[in-house]
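Labels run A, B, C and D following the written order; every chain starts at residue 1.
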Amino acid sequence: MNAPLTMLWLTPLAGAAVCAFLARYGALFFSMLFAGLVAGVACGQSSGGVLSVVNELGPVWAYGISYRLSADSLSIGLIALTAFLNLICVAASWELEVPAGYWACFMALASALTGVFLARDLFFFYVFWEATLIPMFFIIGLWGSSNRLHAAVKFFLFTFAGSVFMLLALLALVSAHHRITGVWTWDLAALDATTLGPVAPLVFWGLIAGFAVKIPMFPLHTWLPDAHTEAPAAGSVMLAGVMLKMGVYGLLRVALPLFPTLSFEALPILGGLAAFSTIYGALCAMAQTDLKRMIAYSSIAHLGFCLLGVLSRTSQGLTGGTLQLINHGLTTGALFLMVGFLYERAHKRGLSDFGDLATRAPYLAFFFGFSTLASIGLPGLNGFVGEFMALSGALSVLPILAFAGVLGVTLAAAYALPAFQAVFWAPAGPGSVSAKVTDLNRRERAVLWTLSLLMLWIGLAPRPWLAYFEPALRGLVR
Amino acid sequence: MTAAQVPWAAWLLFAAPVAAILIGFFGFRRFKPEWTHLPILASCAVVTASAFWLAAHVYTGHSFDLNLFRFAEAGDWAVDFGLRVDGPGVAVLAMVSFVGSLIHLYAAGYMKGDPGFSRFFLVFHLFFLAMIGLLTANNFVQLYLFWELVGVASYLLVGYWFHKETARKAALKAFLTNRVGDFGLLLAVLLIVLQFKITHFHLLYLKAASGATFELLPVIGFLLVWAACAKSAQFPLYFWLPDAMEGPTPTSALMHAATMVTAGVFLLVRSWPLISLVEGLPHLIAWIGAVTALGAAVVAGTKKDLKRILAYSTVSHLGLMMLALGLGQIATALFHLIVHGFFKAALFLCAGNIAHALHQPTANVDDVGGLQKSMRLTYLSFLLAALSLAGVFPLGGFFSKDAILDAAWHHGGALAVMGMLVAAGSAFYIFRMLFLAFYGARPEQKQAPHAHEAEPILGVPVLFLALGAAAAGLLKEPVERFVLMGWRGMPSGLAGLDLVLNLPGEPVLPHLNMTVAVLGTAMAALGAFAAWRLTMSDPGFDWRWRGGAAEAVFESDFGWKTLVDAFVRGVSRLAGFTGRVLDKGGVDGAVEGSAGFVRAAGAAIARSAQGRINDYLWWMLAGTAILLLRVLR
Amino acid sequence: MNLTAVVWATTGALFSFGLAIVVFRRQLLAMLLGLELMLAAVNVSLVHHAGLFNDAEALAVVALVIAVAAAEAVVGLSLILRMRRGGRGADAALLTELQG
Amino acid sequence: MTSIPMGPQAALAAGVLGALSLGLMRKPPALALRALAVASVAGAMLLAVCSASDGYSSAIVLTDSKSIGWQYLIYLGALPLALWLDGEDDVLVALFLGATLGMSLLASASNLPMLFVALEFMSLPAYLLVARSRPGTRGLEAAIKYFFAGGVAGALFMLGLSLYYADTRSLAGSTDLTPLGQAGAGLMAAAALFKLGAFPLNWWLPDAYEAAAPEVSGFLSTAMKSAAVLFLMRLCELAPQAGFIAFLPAVGAVTALAGAVMALRQERLQRLFAFSSVSNAGLLILGVGAWAASGRSSEGVSALLFFLGAYAFMSNGTFAFIRYSGLETRAQLKGRGAAMPAAAAAFTILLFSLGGIPPTGGFMAKLLLLWRAVDADLYWPAAAGAVSALISLAYYLGMTRELWLEAPHGPEPKTGPGAPLVIACAVGVVLLGAAPWLMSSLSGALTR
């Protein structure tokens, strides 16, 4: 059973090509096809959810590079998130007047992201990793808001800077492995980094540099507020919803399995930065006057929780951190979409540009409030489960980190609720554009209902979700 | 015991509110918003009936505690959710559902015609549901879930009139302060998971009492107290509660009497077996309670806004409950909680009736006076509840307060004195309020021309509550029994906690101590007399003393609010610095600056050879020379 | 002082002299001369060592260098002349239109 | 297939003679001249294929896998110019074929004097190509600068050769070196580095590339750069103990960085790509250093071969785009993507490839080269190379941004010929990126 995995990333790519002619209809059709395929593969997985499909076409080139795909529940989970958010993005942008390239870029992005999550050959992993940048560069640069050019270039260069070091690390890893074993391989499963000797720290930190930029971890985060703020709504959704997850995924898939001891020794530094990110992101978010910027900074804080959990290498931390990846995709995705809806209507995003929207647009207020609560970790909604488990994991390893993390949870309300109040509750100020804001239409409501119900589901009954991810992460538990 | 054997009443506790909210949200809210209260009132009736049935069930020895489903699981880490219907829970539940339902009924009249009627009722009922969940949780994570839900619902209700800036601010203040408290609870729960690997109350206590040492226990206990201080409005985190009366009056009533502030006390009751294991912690609780009770009682005597007086009164009474808890009198605390629920709800709704009569969201002592004549039913209800609050025999408040004073008296020392002073202070502020609002009509007060008695839907629930407040003394024995049952073993195989835990001051209520009863009543009389002296015999006094330094001291709650404001300003300044200076200028500045640096480097190189052949050749020679030097070393 | 040293001294002196002309002079024709001088200097050493090692191949190299030098002169002269005809003179310091 | 000794070179020489003969006519037929150029280069390529199996070797020339491989590179780099050069000018054709002949000789040279001769054979026509390919004196100025710098480099090479010869008594290479020979090898290496444009011997290069016609710049930056790389490699082979070899990675790293830094501030496209080619030369020097450091492994050769092959597409493609679009500065690029979508899209692909973004040939090229460096434990130079790639991405992305994301202003420039070439080059790099084994198996099959 080889074809499905290749089909998984080829389908959206084919969609990208078709979109050039059929535009939104092509995008819709292929997003649905893609989502269906993902669902099919997920069902086809063995019940344990463990690695079930390996696709190897043999070495395609020298030096052990081979086309190798595989999917365990972690991969499929994130691919499902990709497919789902892609569909959401297509639905949410349905009425935008954009050229065919817009849809093609989104489909190409989905393809590259899928590739990242599927690849088990580090070469292809890197290729897909970098390939994600190109469509996103155009999405930000062509359909973003006023300062989009600067943001697009900054986004590309900054994240590329991280991944360049990751590439060097991969090269050093493969070379060192070859020197020791005499075998050229980029196969993640075959590589053994435990005997690397002095090169090991170099490789490890190079990998971390690449992942940390993507996550993003303080102090490598400053591309994110610009990119998120300037990207179009759907672009922000994909950026926050899936692209940030690549960093944590990289940790889970590459850095932690390859460097079990080093990653643990680095916990004070990495975990410290992650914990600091949660507080720092929250404080920065408090200072923002732009709604999108605020959400962007909140992402930094949220990914800090994921990291704390993942780095703890405990069962609950890993699973919770991973679930938090999905949660953040749903919650922040919803928030970005809604800011996008606001922006489409009023062409403003400032906190002080709006007011009284709870009266003018009650549906919007409801969904925004709901997502905000999910985002600040209200129990019963999705954010809590992930944060709680991640913090529980971190606490058992390095209590001070969890302490900082809990402080971050506390601070979350201090930026999210004032922002909510300023936009939805406070009376419309003199320069306000609230009058232009109409309430959500049926299509938009449907999109947000879907997201909200998922948030509620994960919040109330996270167990199936956790059980889905847990087997894939079991091997990482220390 | 399996889920199938759980009494249907327990399921109804949740099923009815959830169904009501769903029907209200998807049905009535869209098509007939002014009917939204109908399913919700029905649900209230069902919940109350179920609660009483369960109370009776438990009273007859059928408490139960079982896990229903596994909430989350990863490896050997797991959290189960379940139901615990035991004595303390069901005692409070009965009060909450009864008082809460009456407030719901009242709200149906009070909020009629409000444009957000439907939204109000849905959130209001969510608030109610959250409290039910909190009372029936059987583990800490579940409790935390409903604890937070209570907070969110209160946020939405306090900020219900969101066009008012004060309402928005108060809502935010309430939520953020509670969030500070939740910091403690979340951390405590996390630490519990870490230390005990279990969050189920009963099993956890059994484990804690097993004799092994748990070094994190003091931290956990302290954090639980911290959390309770925020939710139950105790010093140092009490300050959100007086502002929280910005919400519609039914909200305040529900929040103060039944659903919100009692959660903190209930948390401590629930976790008492843990807290009692920590050396010195009960003592700390007692002191927190005493200080808060006294301070709030004094401040309550200086306020002008009717609801604000009541809010400080709540803080003060919660302090008394904490005092009782700290002295090991769990049943006493719970008993006072229940009695307080009745009289405080009644008082708030009376204040609501007054405001309603004036067609304003809230009423001030400046606005009213002499309502005794125009609002007889309200006056009667208020009088009953006020006397109960002041601890006048034989009303409910007498018994509950007396038990606390008795415990303090037994403990002796400063706590005993403070307890007595609180008794005097309570009587003072409630009688002052009574005199100012219902008697006289002083020259300083605006005349309330059209104050008229409220319609029955507003009057009757209040009367019932006041009657309840008057008669609540009868509940003393049952509450004691309920609490005692809380520690017992469960038919589902849980060993009794009373066997393994040497719970200090086992919840046997002190018998009526004549000395304390007389002294307490005397103190109350003293307070009432002082109130009469300063309002009735010197009508202008309340207006005369204001404006000076004294008022500033009281307004700032002896300076504490100023400190808190300074702290909040400090945090927001820190955020501003981090976001605008450090991040934009520092971290991002370095990133953005690197481009300029590279450009400058390029310009410097370019300047060194401005297109001249000779310069090119010099560069070549320099490069070659360096190469040769390196080669030849 | 053996002959080799003398040859090296001569080569070095001539080469440095030629190099100095190329580097310091701004007159294009003079610079061309300096270039020729450098190649000629190399030939001195080559001829000496060809004799020393009794190696005809190296002598052939000398001939090649002379030929290359001649070709270089042709190319150089043609460029310089065309530049003069183009009206921009033969001053190296003035040829700075292309820079940065 | 039977091989003809020195067949490719003979084909090119015939081409030179043919062009000069055609020039005797009063009005040389442009089509015939162009056909001659194409035929010569293609013929040389074909003959090189034929000689792959049993190559001709003598005291001064050799045929090994490198010489064959590099000849392919050279002809590949030269072919676009043969297709697009100005057919009216018979001298230009002769010069072009002459320079190609020089490169071809360089690829086959097996001893030091032959290398020198080939070097000059390649350089002298190149000076004139630069001077002649465009009207006006700018080309002349560039050619004069190029000429003097090149002349000094040639003289340094000869001085180095004489020192080396005096030390080793050999013109073909030796393993044992005294300081005299080390200095000689170093001087010869300086000449090779000059040809590659290593910093700080690079100044002639931007002037020449900017002043020459774009297609000539493309030719110089691909065919000549390939030849120069082989030149450096031959030196490493002939003097394996030479001290300069250890210094190459550092030179490469500095050059890669300096080139990228300088390119960042350029406004004129040709000058920008000139500095970009300096930066790429730095990577190549690093690659040669890594190849030499790892015992001259065949992996190192294939990495260089791949890089140069990919670069032949990228550089020729970009210069062809400049020629086609008539755009001279970055400011003029703004918003022009829509006016020429196909060529601009192809150009964008080339830019991404130059920046090293997968899945393009440029990415594979950089990856393989840096991998060689990492494999030879040259971590710092490799990191510097990576940083240079990062800096270079700033201007490649900048151009992409100008082309597509910004609004046009000013009159639309007149487009010239060459769009198919841009597109073909883009297809080439995509193929190389998507199926990198194509190149290796192709060159493997052809060089054996």
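Everything that follows uses one rule, which is that a contact is a pair of C-beta atoms (placed from the backbone, for glycine too) under 8 Å apart; a residue touches a chain by one contact, two chains touch by 3 or more.
Remember, it's a predicted structure, so these values are computed and weren't measured experimentally.
Visitor: What chain sits nearest the middle when you go by CA atom centres?
Guide: Of all chains shown, the one whose C-alpha centre lies nearest the global C-alpha mean is A.
Visitor: For the pairs A-B and A-D, output the one whose chains share more C-beta pairs in contact.
Guide: A-B
Visitor: At what distance in angstrom does the C-alpha mean of chain B lie from that of chain A?
Guide: Those two chain centres are 37 Å apart.
Visitor: Averaged over CA atoms, how far is the centre of chain A from the centre of chain D? Could you give it in whole Å?
Guide: Centres of chain A and chain D (C-alpha means) sit 42 Å apart.
Visitor: Using CA atom averages as chain centres, what separation in Å is found between chain B and chain D?
Guide: That gives a centre separation of 77 Å.
Visitor: Chain B to chain C: how many Å between their CA centres?
Guide: 95
Visitor: Among the residues of chain C, pick out those that touch two or more other chains and give their numbers.
Guide: Where chain C meets two or more other chains at a single residue, that happens at 19, 22, 31, 92, 95, 97-100.
Visitor: Considering chain D alone, which of its residues make contact with at least two other chains?
Guide: In chain D, the residues touching two or more other chains are 144-145, 148, 152, 207, 265, 394.
Visitor: Chain pairs in touch?
Guide: A-B, A-D, B-C, B-D, C-D
Visitor: Within their complex, state which residues of chain C touch chain B.
Guide: The contact residues of chain C facing chain B are 19, 22-24, 26, 31, 92-93, 95-100.
Visitor: Quick check: in the complex, which residue numbers of chain A touch chain D?
Guide: By the definition above, chain A touches chain D via 60-63, 126-127, 130-131, 133-134, 137-138, 141-142, 148-149, 152-153, 156-157, 160-161, 164-165, 167-168, 171-172, 174-175, 178, 202.
Visitor: Under the stated contact criterion, what part of chain D meets chain C in this complex?
Guide: Going by the criterion above, the answer is residues 113, 116-117, 120, 124, 127-128, 131, 137-138, 140-145, 147-148, 151-152, 154-155, 158-159, 161-163, 165-166, 169, 171, 206-207, 210-211, 265-266, 271.
Visitor: Within their complex, state which residues of chain D touch chain B.
Guide: Result: residues 144-145, 148-149, 152-153, 156, 179, 182-183, 185-187, 189-190, 193-194, 198-201, 203-204, 207, 242-244, 247, 251, 258, 261-262, 264-265, 391, 394 of chain D touch chain B.
Visitor: Sort out for me which residues of chain A touch chain B in the complex.
Guide: Interface residues on chain A, with respect to chain B: 154, 158, 218-219, 221-223, 280, 283-288, 297, 314-316, 318-320, 356, 358, 373, 378-380, 384-385, 388-389, 391-392, 395-396, 399, 402-403, 406-407, 409-410, 413-415, 417-418, 421, 424-427, 461-463, 466-467, 470, 474, 477.
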